[in-house]
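When the chains are written out, they are named A, B, C, D, E and F in that same order, and each has its own residue count from 1.
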Amino acid sequence: MLLDSTIESWFVEDVGHHDVTNDVPGMAEGRLVATEAGTIAGLGAGQAVFEYVDVDAELLAADGDSIASGDAVLTVSGSARDVLRAERVAVNVVGHASGVATKTAAAVEKARTVDDEVTIACTRKTTPGLRGVEKRAVAAAGGDTHRLDLSHMVMVKDNHVAAMGLTDAVERLRARASFATKIEVEVDRPADAPRAAAAGADVVLLDNMSPAAVTDAVDRLAAAGHDAVLAEASGGITIGDVADYARTGVDVISMGSLTHSAPALDLSFRLD
Amino acid sequence: MLLDSTIESWFVEDVGHHDVTNDVPGMAEGRLVATEAGTIAGLGAGQAVFEYVDVDAELLAADGDSIASGDAVLTVSGSARDVLRAERVAVNVVGHASGVATKTAAAVEKARTVDDEVTIACTRKTTPGLRGVEKRAVAAAGGDTHRLDLSHMVMVKDNHVAAMGLTDAVERLRARASFATKIEVEVDRPADAPRAAAAGADVVLLDNMSPAAVTDAVDRLAAAGHDAVLAEASGGITIGDVADYARTGVDVISMGSLTHSAPALDLSFRLD
Amino acid sequence: MLLDSTIESWFVEDVGHHDVTNDVPGMAEGRLVATEAGTIAGLGAGQAVFEYVDVDAELLAADGDSIASGDAVLTVSGSARDVLRAERVAVNVVGHASGVATKTAAAVEKARTVDDEVTIACTRKTTPGLRGVEKRAVAAAGGDTHRLDLSHMVMVKDNHVAAMGLTDAVERLRARASFATKIEVEVDRPADAPRAAAAGADVVLLDNMSPAAVTDAVDRLAAAGHDAVLAEASGGITIGDVADYARTGVDVISMGSLTHSAPALDLSFRLD
Amino acid sequence: MLLDSTIESWFVEDVGHHDVTNDVPGMAEGRLVATEAGTIAGLGAGQAVFEYVDVDAELLAADGDSIASGDAVLTVSGSARDVLRAERVAVNVVGHASGVATKTAAAVEKARTVDDEVTIACTRKTTPGLRGVEKRAVAAAGGDTHRLDLSHMVMVKDNHVAAMGLTDAVERLRARASFATKIEVEVDRPADAPRAAAAGADVVLLDNMSPAAVTDAVDRLAAAGHDAVLAEASGGITIGDVADYARTGVDVISMGSLTHSAPALDLSFRLD
Amino acid sequence: MLLDSTIESWFVEDVGHHDVTNDVPGMAEGRLVATEAGTIAGLGAGQAVFEYVDVDAELLAADGDSIASGDAVLTVSGSARDVLRAERVAVNVVGHASGVATKTAAAVEKARTVDDEVTIACTRKTTPGLRGVEKRAVAAAGGDTHRLDLSHMVMVKDNHVAAMGLTDAVERLRARASFATKIEVEVDRPADAPRAAAAGADVVLLDNMSPAAVTDAVDRLAAAGHDAVLAEASGGITIGDVADYARTGVDVISMGSLTHSAPALDLSFRLD
Amino acid sequence: MLLDSTIESWFVEDVGHHDVTNDVPGMAEGRLVATEAGTIAGLGAGQAVFEYVDVDAELLAADGDSIASGDAVLTVSGSARDVLRAERVAVNVVGHASGVATKTAAAVEKARTVDDEVTIACTRKTTPGLRGVEKRAVAAAGGDTHRLDLSHMVMVKDNHVAAMGLTDAVERLRARASFATKIEVEVDRPADAPRAAAAGADVVLLDNMSPAAVTDAVDRLAAAGHDAVLAEASGGITIGDVADYARTGVDVISMGSLTHSAPALDLSFRLD
């Protein structure tokens, strides 16, 4: 849910006290057009930006759609001054979200070449202020949002294990977490994966392991009968090696770069 | 200036109502460490994030510094719970700003191989909510902030020219702009550059021109005696062709990708 | 995490433009004292209220502690004006949170008389603006927070089932939900409980059923081998009948009244 | 006046980053229905909640109305997604306000059994963030808002009296208070009531006195000819003993429990 | 009470995204100095502005003090960058508040030449965003804040009287107002003053009357025995004719110009 | 651009928790009428205030128009309660902005009696919270906004010069400022004006100089051939001596009093 106060802050940072450039009379119409192919997202945010200044905005596409260069995704109509003031803000947010969606779609496609089921997820490595916009862009493009915030899924991390041992750490956090909350346990080596599952993990995070080590961990989980426990590979995985990880049989591959390092999709606003 | 309300919103989106994972007793110390080489930026924002939850944070580097993989840039000390809650937010903002700075430094370096003076500037194509963080990161890395918001510099654009003709459009906006404000005029073809200068432009924007066309425009400005008028090349210029544009003798090269498409610099938070 | 802007809004609503009453010189010390027995909670919020106006505040108890009438839970020291302006706000929030904790502790105690394991949970029926304060008060008193917000756990509700049928509805939401997110399915009659579990529910919500019907549903789930699926009873359950529900073998009993109908714990602020 | 930023904060706390449950297509209509009898209030807030997400909402009752179980109080129509996202927030605020109104109406009714004039007032012991909603609910149900904030009426309290003596304390605060502001003086024993009135009190607060002591104080005020001075009884008065206090001839009976300990009125949202 | 979010908004509007001018190293000390004589006010706001950016600020005077040209009222010490960024904001708010205080003191002084008791009050005609700062400046200078907001004192206005008649209007609003709230009744001609008092007014507003008419109204109130009812003269009264109104025996003279038309007191910030 | 959150804060400060006065039924229409002649401004802000509470508002004049006493500038139509709640806020902001515009127009008119070209500018000495409203009022009345915030134009001040010498100070700030940003250099004596221009100033600020000294500085700039450099006179210039400064040939005369010491224009809201 995009907040009015967030949109207001985007206008504050872009308009300033006295915008002479766009102080023009009359009405205007225009379109937001993709100038390169990709996966569109953030359209609701773009629409909300225009509507914030009382400009009508109609969507011509839906988040997650593949678009070609030249496709219009949004048309607007309103006072020329307001259209012109909003267009840069709208292009910036839709371009950013669509960059995330395009990178996500590329990762999913790579993974699909070797596995029909593996989930491609983003992480909490999002751009400050844009958590929701980016998570929803990932989901629109066929990716998984992973945990939305610290309160969504409990993570048993190396510092917990160092302090209490793996089994005690999982038990302690299980006792404090809600029944509504899953628990993920981070492990550094394949042999710890079945131990984490036995201790009560819903998800085992295989952190910074090679594809071979991930395969080993997945096999150990299966051998120990932990079919209901999900395995997630994470740590510096790129579009270049996502297929290698997809081949391991892991359930989830998470990639921070989907959100923190996706180049914006090139969009242009055109007055009619 | 980074606002308290902005930092608050970053915590709101990452913490949620009941963070069990990080609800640990005791004190903690840690370091923010670069895990790849680059140009660091956003350190003040990272420090402010920790201080917002009363964690002491000390800078070990300054914005704009070149750092090697393994360099620590910030140390913190405070309640373990607060350190752990702040670390992801801090990594996200410093990583993002440093990605912008690293890309800017790369563009500046490319340009310097052929020209000692040309200015490398970013644009208003920034990530919504991070205008100031990104502009200051560009400046720290040796780039130029360009206009900070719509009220900073007046831009005479194609829609103004279409409505009024170039000379009238410049004069009308000159009459409405403050004496404290520069006026930039956008032109599409080299022959219009001296016309824009003659009409009173402080800066002429050579939009979407090839390096040859930019050279032509720069020569025409010089031939017409407009030494005090700056020329800026803009439109899809990448690190790959920035040197070609630098050779044209243009004063400023602006690149939207410095802010909207810079991959984050990889950083890691390590507990001591 | 209690936000500075939230605390600010509490002062705005209580102070107004010109508070003559508390405009007194000098320093003051005081204590927050319980004037009836109960379970204390919200102490962090109370402390933050005083600290917001630069009054030192020290906790004498921890959230979840049982306290007797007359026990001091917080001492403060600061400018008399600021102490006096903050005391009502602090009493209001600590009294409210402690009321929730006291009611939760009573429900847990009732349930424990018949079952050592059953979870007593609150719901999303919280007081607007106090979601986090109330959820953390429930947890401190030995209750469970249940889902924290709409994004925390997916709920398959009667309107989904009416539109798509139970199995399709669960599958559709399972496909759209993150791997990090549990799915709860609401059923109206015991016979649907194993159907929901078979469709992939992590939790089955037994809505508005009598204790006998809950027992029936729990038995059907066991008979069908759904050991890993949790069963939750909900709908108008009071402290008077919580033991009856606890006897059914259900895993979770949720009660909206823990948060929306708990009388405040009586507290008093005393100047030393 | 309910603020947009307050409503926004209610959605923030309940929706989160990715609400899959309610992401359903199409339009929806529904009704807010009372599932127990009581006095309704907070309808304007409930309407504003729906309107915040562009759902049309029409009132079928007015704040202060007595309603029976089964009565609809509000109908809505809009996008199904937005209706479903808003309904819990709206139920929570209307249920809370109506709980306050219902308790107030009960107290007023008790008092009316023995006295036609006595005013039943709430206090500043309100739920943080809901001062206005609760005060207006009390007023709608026939109660009195008492002082709205610290700046509304000046209160001469025991700490003022301890520092300066009763007469000097009243005089000092009278000199500093606006002519537009009433002054209430808190006394602990009946004999001080006429002293407070003589010193210039507009209202005398008879704090924590038994009904007999209140009668004594009221008689002493009358005997001393202070007809224009109001007498208020306060301190732990419950619905059980409000009639006893009403019999004393006191002008105002104030009860913190009207706002801090009113169980919510049970309401349900039903899709048509 | 000055809010952090208000101070933040003052910095937002004055600093912008990249302040090169004040980006200087080192520490600095300085003083806020009056460059003309007057009555100082707003010092707490000025101090809070500096403290917001972690600059130490010490007061050398108190709100309401008469100061001479050259007097320092505040000293600061902190990082040079932060001192320089805060000084203009601080000068602006202290200069504005002191202008209000100086004008108030002048009006009070004029009134004192003919009457020792008459109250000089401001109105709700304040500068948007500065209600509290201005009201407290008036009070510091010996004036009266009048009603602080619409909820502070009820006003029976000409539109009420037109709709219901004077007596009914007063009775209706009396029935709806809290016992804690005074009621002021606006009248246009002297003959209505005792009618308003008889109807239950605590204060009678003599609106837009000449000094002679005000005298007449005051006499009529006295003749009718309404000693406890206050009379207020209002409507375009200036410092030039405040003494004429003070001679009428009216209790309160209110002047919108104290807040909406007071020239700022000239202050200067000097680095040491 | 006037922000919704700013308008909200204006209502917060004026309405309070329970406004009985304006709680009237039915619809109302009304007009905002000037009760003295002047230059109107802030009409967009006034309109936005009414629209914030869903009252229709139509402009009958444009910012910068000269109006006579009795002219209506805005008509409104809506619920009586909302019209009455908004009218004071609207009158306050339009009256304030129009006061600034009226003073600006007077200064411009004085200057025009001796010079057709000289620019009359305001400064950063604005009322906290109203920077944009005041700057736009100045512009509407024919004045110049001067620098909008610290990031708009760089100012080389006496402390920079003291630390580095004039030439080095200008060069250092020139190197750090964007190409989009002008640089103004403050000088104390006429002889420094050409030195500042030679060092690279776009504007030379002649601070606190007599008209004779300003003439001297302007002549020295011309003699040194700095035609493209603007000269600005500043420092305590009043409407009484603005013509004297206009005669000097200076390009810009800036006056802090336009914004910090303009009496409000008298306006009245009238119900139809």
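Note that a contact is a pair of C-beta atoms (placed from the backbone, for glycine too) under 8 Å apart; a residue touches a chain by one contact, two chains touch by 3 or more.
Keep in mind it's a predicted model, so treat the numbers as computed, not measured.
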Seminar exercise, completed: Every chain in contact with both chain D and chain E is listed here as A, B, C, F
Exercise. What is the distance in Å between the mean C-alpha positions of chain C and chain E?
Worked result: 45
For this session: Determine the centre-to-centre distance between chain A and chain C, using the mean Cα coordinates as centres, and give it in whole Å.
Result: 30
Seminar exercise, completed: Chain-centre distance (mean CA atoms) for chain E and chain F, in whole Å, is 23
Problem set entry | Residue list for chain E, restricted to those that touch at least two other chains | 4-5, 12-13, 15-19, 85, 131-132, 139, 145, 148-149, 151-152, 176, 178, 181
Exercise. If each chain is a dot and touching chains are joined, what shape do you get: line, ring, star, complete or other?
Worked result: complete
Exercise. Taking the complex as given, what residues does chain A use to touch chain F?
Worked result: 4-5, 8, 11-12, 15-19, 85
Problem set entry | Touching residues on chain D, where the partner in the complex is chain F | 1, 3-5, 131-132, 135-136, 139, 145, 148-149
For this session: Over in the complex, which chain C residues touch chain D? Could you list them?
Result: 6, 9-10, 13-24, 84-85, 88-89, 91-93, 95-96, 99, 124-132, 148-152, 154-157, 159-160, 163, 173, 176-178, 181, 236, 257, 260-261, 263-264, 266, 271
Problem set entry | Touch list for chain B against partner chain F, complex | 119, 121, 139, 144-148, 151-153, 176, 178-182, 184, 203, 228, 230, 232, 251-252
For this session: Mind listing the chain A positions that touch chain E in their complex?
Result: 12-13, 16-17
